[in-house]
Each structure stands twice: as structure tokens, then as C-alpha cells.
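Multiple structures follow.
In what follows, chain A forms one complex with chain B and a second complex with chain C.
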Partner chain A sequence: MRMNLGKIGAQESTSLVAIVLSVTGIFTVESAVAYANGNSTFLTVPASIIVGFLVFLLCLFAMNKLGVATFHELADRAVGEKLSCVFMLILSASLLFNAFVLLLRFATIIHSYIFVESDYIRVALWIFLPVLSLSLFGFETLGRMAKIFGVALLVLFLLGFVSATDGFSVHRLYPLFGDGAYNIAISSFKNSYKFIPAFIAPLVLSKGINGVKTVKKSVIIGSVFAVLLSFITQLVIGLTYEYTSLSNMYFPLCRLNMSLQNEDYFMRTDRIGVFIWLVAGVIAIAYYVYAAGFIFCKKTGTRDIRPCIVCFMIILSSLVLAEYTKLYAVLHGVISIIESNSFIVMLLIVLTVTLLGLLKRGKERQKE
Partner chain B sequence: MSIKDLFEFDIASNEFELLESEKGEPSYFGTFHDAKPKQEPKEDEEIPESIDGIKDRFKKEFHTDINSDIVTRSFYMGSKLRTMAVFVKGMSDDRLINEFILRDAMQSVKVDELTASREDIVEFCISNVFAMGESEKEKSFLKIKRGILDGKCAIFFDGAKSAVLIDARGYEKRAITPPQNEKVVRGPHEGFTENLRTNITLLRRILRVEDLVFEFRNSGGDNHLTVAIAYRKDVANETLVEEVKRRLSKVDTRLIIADGMLEQLTEKRGLSPFPQVLSTERPDRVASALMEGQVAVLLDGSPYANIMPTTLSALMTSAEDIYLRKPQGSVIRTIRFMGALLSIVTPAIILALSTFHQGLLSTEMLATLITSRVMVFVPMGFEMLFLLLVFQLIREAGLRVAGGISQAVGIIGGLILGQAAVTANLVSSVVLIVVALTGLGNFCIPDYSTQIGAVYLRLLLVMASWIGGLLGFTCVLVVIIADIARMKSFGIPFLSPFAPKTASRHPFMLRGKLKMHMRADDYMNTQEE
Partner chain C sequence: MKRICTFMLIVSSLFIFTACLDAVQPESYSYVFAIGIDKGKAKRYNYSLMVQTVGEKNDSSMVGSSEIFSAEGDTLFEAVDIIHSVVSGEMNFMRTSVIIFGSEVAKSGGAEDFSKVSFNSLRMRQSVKLLVAQGEALDFMKNLGSQYSQNLTRLQVDLVMDNKMGILPITSFSIMSENVMGGRLDPVLTLCNVAHGAKEGEDNAQNTSGVLRTGGMDSYVMGSALFDGWYMKGTIDENDTMYLLMARGQFEKGYMTYETKDKKIATLLIEKNADIKRKVDMKNKNVNLKVSLYCTVEFDETSSIREKWEENYKKEVEEKIRLQLERIAALVMELNCDSLGIGRLVSTKFYNTDAWEKYDFQEHYKEFKTNFDVEVELKDKNIITHMD
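Up next, the complex of A and B:
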């Protein structure tokens, strides 16, 4: 069997979870939607992560009660193998969707800020190379990569903000909570569709993280980092630009560094930052692709993950190519439909699995 | 070939040529000829009972009629029993054979003491006749043959089905000298030699522990060199020892001469730029590894030992690190890591910045770069690759030429050629400086194989930067680091103890406290844990 799972320790899994959640939180914010009625992303993004974390805790509780080691085992026990297969394939697809969104985002950032003259697809193809390699190398390599780059990425990320402090102004946060608490709450729940699969994936891969206990520990610490980092990032953006300007910017974080970083003695470091984020992005995308492949293989009984990952990468590259060609409008229509309804689907799956699982456990106890 | 030969058409030259027959013509894309299946020699091959039979056997198998260095000396033990000594001149010590084998056998044995049973004679001679330290009774003719080729002296008795194999090895060997490639300022100045026994003695002198064992076996080559597997029986992980033995037992090749060949035949990822065993010529390094539960493989005829498993941290370690005080050792190690990193990434970054991202450079730096390249007609990527190649040429030439000239080659290459190239506008001075810095950084890497590995990576990154700028550089760098991260040496992750983080408190880059060496690394999973 070549599932390339291996085993990673607590430090590696914590770094991996932190990187994946932070990258998803920071780099998937759609400016036109998020800043349309005011800037409250510094609340909604961390809140979405917290919603995802609560879902994770619910799943973990059910898994502990049923005494199963992985989430797919829980689903098998709760809803039977056939329905579980459907649920898990939806989860796999949502992980792949997250990978696609991130891939699209990074390709667009690099294309629009650095390689303006170059073809979009060429830029995207370069990013495919490390994503494909990392996801093929497997979970163990992903964990180690996260460990190698985790602290360095955090330090470099925060250092970038230190130089931006001169341009901060509190009045730019007005209107403070966008267009009301209700909308913030709705937005937080709605956007958590990105984080729920990211949180469930470690439960699927728990055997590679030395069991559920290590998963719990890693996810708790990783989530705290992700919440703090996404909060700081969105706050810094909010303190630098007004929401009216932000809604027109594609990726304000890059603009923020570009506008505030003066020419240093040797070189300007603003655009270098994009490549540092790219490393984090590659790790996150590869994680999503690997986890999607792992779930797919587990449910279809495939014993080798590599063909599956190659297929997924072909699908992703086709989608990115579609984005580049005339299918742009159609694709965006599909993306917005998925984004609007994914939260409900994900929540339904998780609630069905956990609640039915707990009910079954209750019945089993009564029989005993 | 003379000039006359050139003009002599249609006359066959007398020059010798080894021609392929039509049958042996290679296929279109080339192939390996199937070698004749090797006849596995039988371990339990019996010894011929008569001395004449034995002599004939040696004549047939060892071609003693041609090989005058293989001595088959017949004599009468106690003037009665026909006996024969067989040894290889030059491999065995003539003085030992003459004084303690032949003289004793011919003179001191009384005829009465020779009992009726021939098998008892062998035992009797070992106990009473031959005053040699290492003598054993041997029944297998194959083992006897191997022993003789190893420098031992075999004594055959007429009518006996076994022989006495006496260790009378006494071949010429090099004296112990300081290590050639791993020199230190502080610390021992003894290096391994080509003699396995000497190397083992060097290790035993440092490690006076009861559980240190040396398991001898055939290296797996058809030339039957001896290999010694060294480990601490009560410390080393048994699975690791078994894995080393398993891989060694799978070695089956025509020839093994040096440890490098054995290394390639026992490692799992042959295409990796990094070695998966640590090759060292320092007994103190091997001793340190053995104490920590690692396994070392020593090959007869090779002045190196292979330590397994190894990590990147170990490959970046010099023997001297531990002999210096902690802050000094840490500073040196940090500089070494920085040097290695700079040597691998600097050319690629400079190339990417100056060809794709001029906007990222400051005005001053850009101006310097443009001024230096104003008359250079080749693209910068080509210039960088060309200079890196020239640097490798100088390095290779410096290594291959005789000791005294190597310095001159360095001076010619580094100063004269570099200066001339800049003056001739073949290369720019900035690129020359970058490549020179790269070369210096590369020499900071203590392990020779890793140095060569760094060259591959550097070239790969330069090409990626030339094609894709910083994007290409970043993507390829991530792939390289991922490949290193997934690599394992005999089951141990290559980036231990950093990624994966292990319970070991040994720092990856800095030098740890000396007290830490009280215990083995966590990732070694030794029996001490």
C-alpha cells in the first residue's frame, strides 16, 4: 500500500495546521465581498476559524464516544458505508475546492503583482510543480516542511507588519463593525465552509499524527496561532486602508507592503514577501490535495494515492486554465454558488455523522 | 601507428583489436551482455585426501604453474608424515612461516606422537606443534582457499580431511598518517589506513568497552574483500544492525574496492544529491558514532569507514566541533551552515533579481550591476553557468594534479583566468565575485559527497532562476527541501532532530552541550532507552 501517510509528531502537525488555517484565513478573503459594507474581516475571519474549531470539537467528542480512530470510521459507523462514502467524497471535493481557490489566488497574485507581462497559465504551472511534488511525497513530508518553514514564516510575516506601523490610523476602521452584528455573524458562519474541511482533514489523517490525542493538541495550538495571525493581518489592513479603497483592491496585503516599504540599501523587500507567502501557500495547497486524495482512496479502496493525486492535479490545472480562458464567467458563477451553499452542506454532513453516531452509541449502550 | 601505416591500404595492420562477434553486437539502444551465471561455490567442498590430489587441485584452481607467488611447499613432518604448506608470497610473512611453522613441524615433532588417526593430527598440531597465535581446524576447502588469498597459511596432511589454517598475514601496509581530507587543529591526528586490522586496532584503542563487536563477512564482490560491521552489542538498535546486515548481504557485484562502492550498493536512493551514510577517515568520529549506537562498516583496503545512519546535521559536522568550547563550536557551525546556504542559493537569487526583478534591486545596486555588465555580450544566466563550470574545472584540476602544482592551478584559475575573463568582457566582475563567494561557501561543507551534492542543487536553482525568476527559484527550492525532508538514512529521517522534532536536545545547527553526549540521540532508538 502506497498511501504515503507516514507519521508526524506534535510539532509538525501543529505547524501544518497553523499554516493551513492561516493561509486559508488570510488568502481567501474576497475583497469585493468582504469589504463591501465596511471592514469587519478582522472579526469575521477569526470567528469563522472558531466556528470550524467548534465543529472539530464536536467531531472529536463523537469519535471519542464511539472509540474510533478516524473520522471516516465514525462516518461508517454512524450512517453506514454507502452514505459515508458519499459524505466523504463531498468532503474530499470541498478540500479540493479549497486547494483550487488558493491556487487561483496565488497564481493571480504573482501574475498581477510580479509577472504582469507573463502568461497567467505559465505562472500557475510553476506553482503546480511544488504542489504536485509535495502532495506526492506525502503527509510525512508535508508535516516536516511545515515544521521547517513554520516559525520562519511567522517571523517574516510579522516583521512585514512592523514596517507598516507608520501608516496606521484607527479612523480607517470606520464603520467599526461593517453593517451590523447580524451580518458579521452570518458572514462568520458562511465563511467557515473553508475551515470545516481543513479541521476535519486531521481527523481523517489521525493515524499519521500518532492518534486523536495528538490531533487535538495540534489543532488547538494551531488554531490559536491561525486566529491570532488572521486577526492581526486583517486589522493591519483595516488600519491602513479604508473599506471603500479595500473593496477595489485584489489583494490588499501585497499593496500594503508595496506602498509602505521604502527602498532599502540593497533591495526592496516587499515583493520578496509574496514568495515567502507562496511557500506557505504551496504547503497549504499540497495539504488539501493530499487530504482529498487520501479520503478518495480510502473510500474507493485504492491502495496507491499517487495516481489519484496526479488526477486531482490535472483537474486543478484544467480549472485554472478554465479561469484563464472564456469559461471565466461560468466558473465564477459555480464558485459563488459553492461558496454560498457549502457551509450548509458541510454542517449537515458533520451534524448527521456526529449526532447519528452518538445516537447509535446510546442505543448500543442500552442493549448492553 | 607510424606514418607508413597510414598509407598502406588494404594491408591488415598487426595492431591487436578485441572485436565483438556478430552475436555479441549490441542492440540499437545498447544493452548489458548477460554475464555467465555465476557458479556459486559450495561451502562444504571437501579436501582431497592425498597431498598430490591437493597439489593438483591448487594447480587447477590457482594456476600454480603460472602463479609463482602461490607457494605449495611439501615436506615431511617428523620425517614421516607427508605435509604441505600453502600460502601467498607477499601476503603471508615468510619469517613467521619459516620459524614457527616449517621449522617446528620438521624438527620438533617426534614420529611416535603422530597418532593413527589423521584427524587427531590436525588437533595435535594446533595444540603442540605450531607456535602461532591464531590457528584453526578447517574442513571446507572453499574457506581454506579464501583464507590463503587473505594471507593465511594452510597446512594439509596426507590422508586428513581437514587442514590447519594459520594466521600468518604479513603484507606491506601504509603507516598511520594524519587524515588527508578531515584535518583538525585540535584533536587526534590519526587517520584510518588501508589495513582493516589496523583500523580496528585504532578503534579499539579509543573505545575500551566490552560490548564493542566487529562482525566480519564477505563484502559481496567477487574479489572477496573482508568487511567488518562494528557496533555496540548492548547499545545499538538491533533492527538497525539487522538492516545493515540485510543490505550488505544483498550486495552481489563483480568488484568492490573502496567504501564508496559499498555505500552505493547499500543506500536506497541512488539519485539523491546527498549521501545516506557518513564516510569518514577519522577513528575518533567513528568511535563517537559507535558510542551513540550507530553502526560502522569498515572495508579491507579502504581508509574510510561508513557510518550509518546519518543526518544532514552529522554531514555538516566536523570532528573538531566537539573539541572546541561550546560557543566557539557553535559560531563555527553557524558560519558553516550559512556558508553552505549562501553557496547554494546566492547565484540563483542574484541571477533572478538581475534578469527578472530589476525593480527589487536598489538603484545603487542596479547601477553597479549594469556598469559591470555593460560590455559583456552573453546573457547573465549563461555567464553564471559558465563561471560555475569554470570553477568546477579549477577545483577538479586542482584535485587531480600532483600536490605541488595544485596550488599553481588554483592561482592560475582564480586570479589570472578570472581577471583576464573580466578584462576580455567575457564575464562581469559582479558575477565573478558571486561565483567566488559560492566556491568559498561550498568549501565550508565538511563532507566531500555533500559538497558535490551542493553543486547539483546550485546548478538546478540557477537554471530555475534563469527560466522562471524568483518564482522558478522558490518553486524548485521548495521541491528540493521537500525531497531532503522526505529522505531517510537507514530509517532515520535525514533532517532529524529538527524535522521531525525528536526528544533529543541536540541542536540541529548549534553545538550542543558536552553533557548531552551522555546519552544517545532519541531518534537512534538505542537499547539504552
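Up next, the complex of A and C:
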């Protein structure tokens, strides 16, 4: 078997979880939708991560009760192998969807803000190659990369915000609860579809993270970082631009220094920041692709993960390149459908697996 | 470990190599420092571009010097197309630092037309400063320096330094867009002028803001242009600008000439003591602003103003400033310009966007009444002031 799983420790897995959740929280916010009716992303994004974390805790609880080491073992015991195969393949597809959305965002950001005169295809391929290499190298490489870059990325990220403080103004956050408390709550739950697969993936890969206890510790610490960083990022964006301006910006993080009145050395740090974010983005996308490949191979009995990863990358690349073709409208229509229904599907899968698993455990104990 | 190092080396080398493709030398660019926009004769607008002049390498007199090219066009791209064919080098807008609207263009909403220009495709920064010229922008640009060598350096220095001192307002394109789209604050742009024939002894000569002078550039920045959305509604001089900035909370330092009831004249140097405090009472539609200032009495022959400050003069000075602030507030309200940012205050009273947008602040703006409370502390009151 060549699954390239390897073994990583608590520090590596914490860094990996923190990077993946933060990147997902910050870079998948669709401005036209998120800021259409006020700005409350500094509440909804952290809340969505917390909802995902609660789902993780539920899965972990069920796994501990049944004494299983991984999430797919839990699914096998709870719903049987056939239905478990369907559920896990849906999970794999949702991980690939996250990877696709991030790939699309980064390719568009770099093409629109940095390499404006280059072809979109060249820019996209420039990102695909590191992602493909990293996912082929495997989980241990991913973890160690995350540990090497983790702290540096966090510091550089926050320094970028410090340079923009002159342009902050509290009045831009008002009205404070943008879309209203009810819509904020609904939005938080609906958008957690991005984070639920990210939280379940470590439970699938737990044998590479020295067991469920290490996974729990890493995810808790990683989630705290991700919640704080997402909150700070969205707050900084909200303090720099009003919601009326934000809804017209594809990626406001790249324009933080644009509102500064006095030009200084930090005028270009937005553009430099893109390359820092790209490193984090490559790690997150490679993680999603690897995890999707791992689940697919486990369920289909494929013994070598590498052809699977290559196939997934070819599919994702084709879809990303379709962004600049006549298929744009179809592509975004499908994305909208997936985004509006994914939360229900994810919740159904998780609840079915965990509750049935716990019920079965209860019956087994009664028989004993 | 070896694999990680190899991978990192490959990734980092990818960052380096891309810049070597289709490289363009810096000397091949013609950098556009400023853009002026006036009403056109044949087309909608006349665009004037101040393009950097490339001189001898060690000639410091050429620093900041430039040449003006202008062409008419319905859009900036049309004008750039014409100018591009007569300029040596590839035109580059990455260093454009100011855009100057002529007064007619500003009054007719030309700023809104300009806002539709794609800054991304021109690689122009959205932090470009916006100015309004009394008269024509081309006239202002031509008088920035000598006849054949305009120099933008002085203007750029003035804008930055005077804004830091709270003498001039500065508005960039991104701030103006935000203000207009947000509807909670109307923009205030820097006003620029040309003092034609401002030479001593000339009859009926125009002068610099009412003051005859000799020497220096004819073009200068002083005063503010008040906008209601994208449309300029009026202008104020540098003295009123000081009070406007005080009411906006952007004042840092200034001066006022004070004549007391007993005919003593003094120059008071005033500076900000604390940030302006604002409160809005939605029920009675009152906006209360508290302005705290320090004051230094600079010229006072007998030092009597300093000695009797608390008993006699403090209240007079506070009242004088308060009246000026109220005059400015009434002026901007009459022009329907929310230059004081009352919209920003009112928006903090709403907890969701629907309620705020239904309220339609523009409809209710004139119902609000501003009340100023001014406090002036004498900065040097504890210092012995007798010089003899």
C-alpha cells in the first residue's frame, strides 16, 4: 500500500489544522453575497468555524464510545460498508469542492491583482504544480511544511494588518448586526458546510496523527487560532471599508492599504501579502486534495494514492480553467447549488453516522 | 528532509523567474504624475497629463520636473490613445499621485464619470489624491513651476504636510468612492488656485487668497471644495477650511486673530487638545459636538491677555470659535453637503442594514441641528510671561 500517510506529531497537526481552517475561513468569503446586506462576516465566519467544531466534537464522542480509531471505521460500524462508502465518497467530494474553490480564488486573485498581463491559464498552472507536488509527497510532508511555515505566516499576516491601522474607523462597522441577528445565525450554520469536511478529515487521517487524543488536542488549539484569525481578518476588513464598497470588491484583503491617505513604505504590502497567503493556500489546497484522495482510496480499495491525486488535480484544473470559458455561467450555477445545499447534506451524514453508531453501541451493551 | 528542501527550492525559484519574462526597463516608461480634467470643446473632456521628464542623471534641478500633454476625449482612454502616440516611452500610471478636476467638471459631476475608469487596467493606485481647481485644471498644472518645466514636488509636499497639520483636507479616490457610495459623509476636496499677475504694484491684479505677494509659483493649494455626492456645490477659503476641519475632527493646528472688547489685538495659535466628541440625539434630531483646543497667545504687548485669560478672555474666544463653527455648519447644510459626517453618527443608532437603508438619511439630513461646545485652555498659563 502506498498511501504516503506517514506520522506527524501534535505541533505539525495543530499548525496544519490552523492553516487549513484559517485559509478556508478567510479566502472563501464571496464578497457579493457576504456584504450584500451589511457586514457581519466578523461574526458569521468565526461562528461557522465553531459550528464545525461542535460537529467534530460530536463525531469524536461517538468514536470514543465505539472505541474506533478513525471516522470511516465509525461509519462502517454505524451504517454498514455500502452506505458508509457512499457517505465517505460524498465527504471526499466536499473536500475536493473546498480545494476547487480555493484554487479558483487564488488563481483569480493573482491574475487580477498581480500578473494582470499574463494569461489566466499560465497563472493557474503556476499554482497547480506546487499543489500537485505537495499532495503527492503526502501527509507527513504537509504536516512538516505547515509546522515550518505556521508561525512565520501568522506573524507576517498580522504585520500586514498593523500597516493598515491608519485607515481604520469604527463607524464603518455600523450597522453592527448587518443582516439582522436571525440571518446572521442562519448564515453561520449554512456556511459551516466549508468547515465540517475540514474538521472530519483529521478524524479520517488520525492514524497519521498518533491517534484520536492527539487529533482532539490539535483540532482544539488549531480551531482557536482559526477563529481568532478569521475574526481579526474580517474585523480589519470591516474597519477599512464600508459594506457598500465591500460588496463590489472581489478580494478586499488585497486593498487594505488603498484607503490610506498618506503614502508610506507600506503602500505595496498588500501585493506582497498575496504571496504569503499563497503559501498558506497551497498547503490548505494540497491537504484537501490529499485527504480526498485518501478517503477515495480507502473506500475503493485502491492501493496507491498517487494516481488518484493526479486524477483529482486534473479534474480540478479543468474546472478552474473553465472559469475563463463559455462554461463560466454553468460552473457558477453548479457552485451556487452546492453551496446552498451542502450544509444539510453534511449534517445528515454526520448525524446519521454518529447517532446510528451510538444507538448500535447502546444495543450492543444491552446484549452484553 | 531532502525532499522538503528540494520542494522549497523549486517553489521559491518560481517566484524569481517570472519577472524576467517580457522585462521593460524603467527608463522606457513615461510616468504620469498628474491628470487634469477640464470641459472639452469638441469632446466631453480635455485631459491633461503631467508626464515625468527624464533629465541628466546627476541634475538635481530636474527632480520632479515634468511636461504637460493634453488631448480631448469622451473618456480617459481616448485621450491616452492620442497622447501615447506623441510621448516617447510607454505611458505608466503607477506613479500618478493627483487628479485635478476643473471647477466646471466638478460642478457637473465629472468625478462620477471618472470613477468609472478602470484603475486596475491603468495600474493606477486608488489612493490617488483628488483636487479641484478654481478655473481650469490645465491652467493650474501649467503654473506649477517655470514655463517649460512643471514641478509637482512642491504640491505633493504641501498636500502631505498641510494635511498632517490639519490645514488642508485630503481625499483620495478610494475615500471619495466610499463616502459617496456609503451616503454617510460627503467628500471635501482640496481646492487649488492660480494667482495670475500676483505681482506687487499691478492694478486689479489677482492675488493669493486676498493677499498681494511677489515671488514663488502662481499655482497654490488653499481652501476646500464641498461636494454633495459626486457634485461640487461650493468652495470655502482657508480660514473657513480651518473651522470645517475643526468640526470634522481633523484639525491639528491653526491660528486666529483676536480683537478683544477693549480693542486689544492678539494672534492666538490654536491646536487640538483632545479628539472631538460627538453625540446624536435621534429623538430631537440634535447633534452635539464638543471641541477641545489649546491656545497660545503669541503677540500681546502688555501680556495682559495671558494674565486675565480666565476672567475676561477665555469665554470670548470660546464664543468666537463657537459662532464660526456654527456658521460653517449652517453653510454646509444649506448646500446639502454632509461635510461634518452627521450620517456616520446617525448610522451608529441602527442595528441592522435594512432599518438604516429604510431610514434614508439623505431625506432627513436637513432636519438635524448641530450644537457646538468649545473649550479652550491656555497652554502657557503657568509660565511667567513678562519678558522684561
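Here, the second predicted complex is superposed on the first by the 355 of 368 C-alpha atoms of A that agree within 3 Å, B and C clash if a C-alpha of one lies under 4 Å from a C-alpha of the other, contacts with A are read in each partner's own complex, and residues count from 1 in each chain.
Basically, a residue touches a chain if its C-beta (ideal position, glycine included) is under 8 Å from a C-beta of that chain, and two chains touch if they have at least 3 such contacts.
Only a predicted model underlies this, so the values are computations on that prediction, with no experimental measurement involved.
Three-chain overlay on chain A, with chain B and chain C in a clash.
Looking at the shared chain after the overlay, A:275 reaches both chain B and chain C.
Of the two partner chains placed by superposition, chain B and chain C are both touched by A:137. By the touch criterion defined above, A:255 reaches chain C but does not reach chain B. In the superposition on chain A, A:327 makes contact with neither chain B nor chain C. Legend: residue contacts after superposition of the two complexes on their common chain; A:147 is shown touching chain B, with no touch to chain C. Once the two complexes are overlaid on the shared chain, A:171 sits against chain C while remaining clear of chain B.
In the superposed model, A:115 makes contact with both chain B and chain C.
Contacts of A:126 after superposition: both chain B and chain C are touched. The contact surfaces that chain B and chain C form on chain A in the two complexes overlap at residues 115, 126, 129-130, 133-134, 137, 141, 144-145, 148, 263, 267, 275, 282.
Considering their complex, residues 353, 356-357, 359-365, 468-476, 478-479, 481-483, 485-486, 493, 495, 498-502 of chain B touch chain A. For chain A in complex with chain C, the touching residues are 37-38, 112-113, 115-117, 126, 129-130, 133-134, 137, 141, 144-145, 148, 171, 174-180, 241-245, 248, 255, 257-263, 267, 275, 282.
Partner chain B is touched in their complex by these residues of chain A: 8-9, 11-12, 110, 114-115, 123, 126-127, 129-130, 133-134, 137-138, 140-141, 143-145, 147-148, 263-268, 271-272, 275, 278-279, 282. For chain C in complex with chain A, the residues that touch the partner chain are 3-4, 7, 10-11, 14-15, 18, 22, 97, 120-121, 123, 125-127, 160, 163-164, 170, 172, 174-175, 177-178, 181-184, 341, 344-345, 347-348, 350-356.
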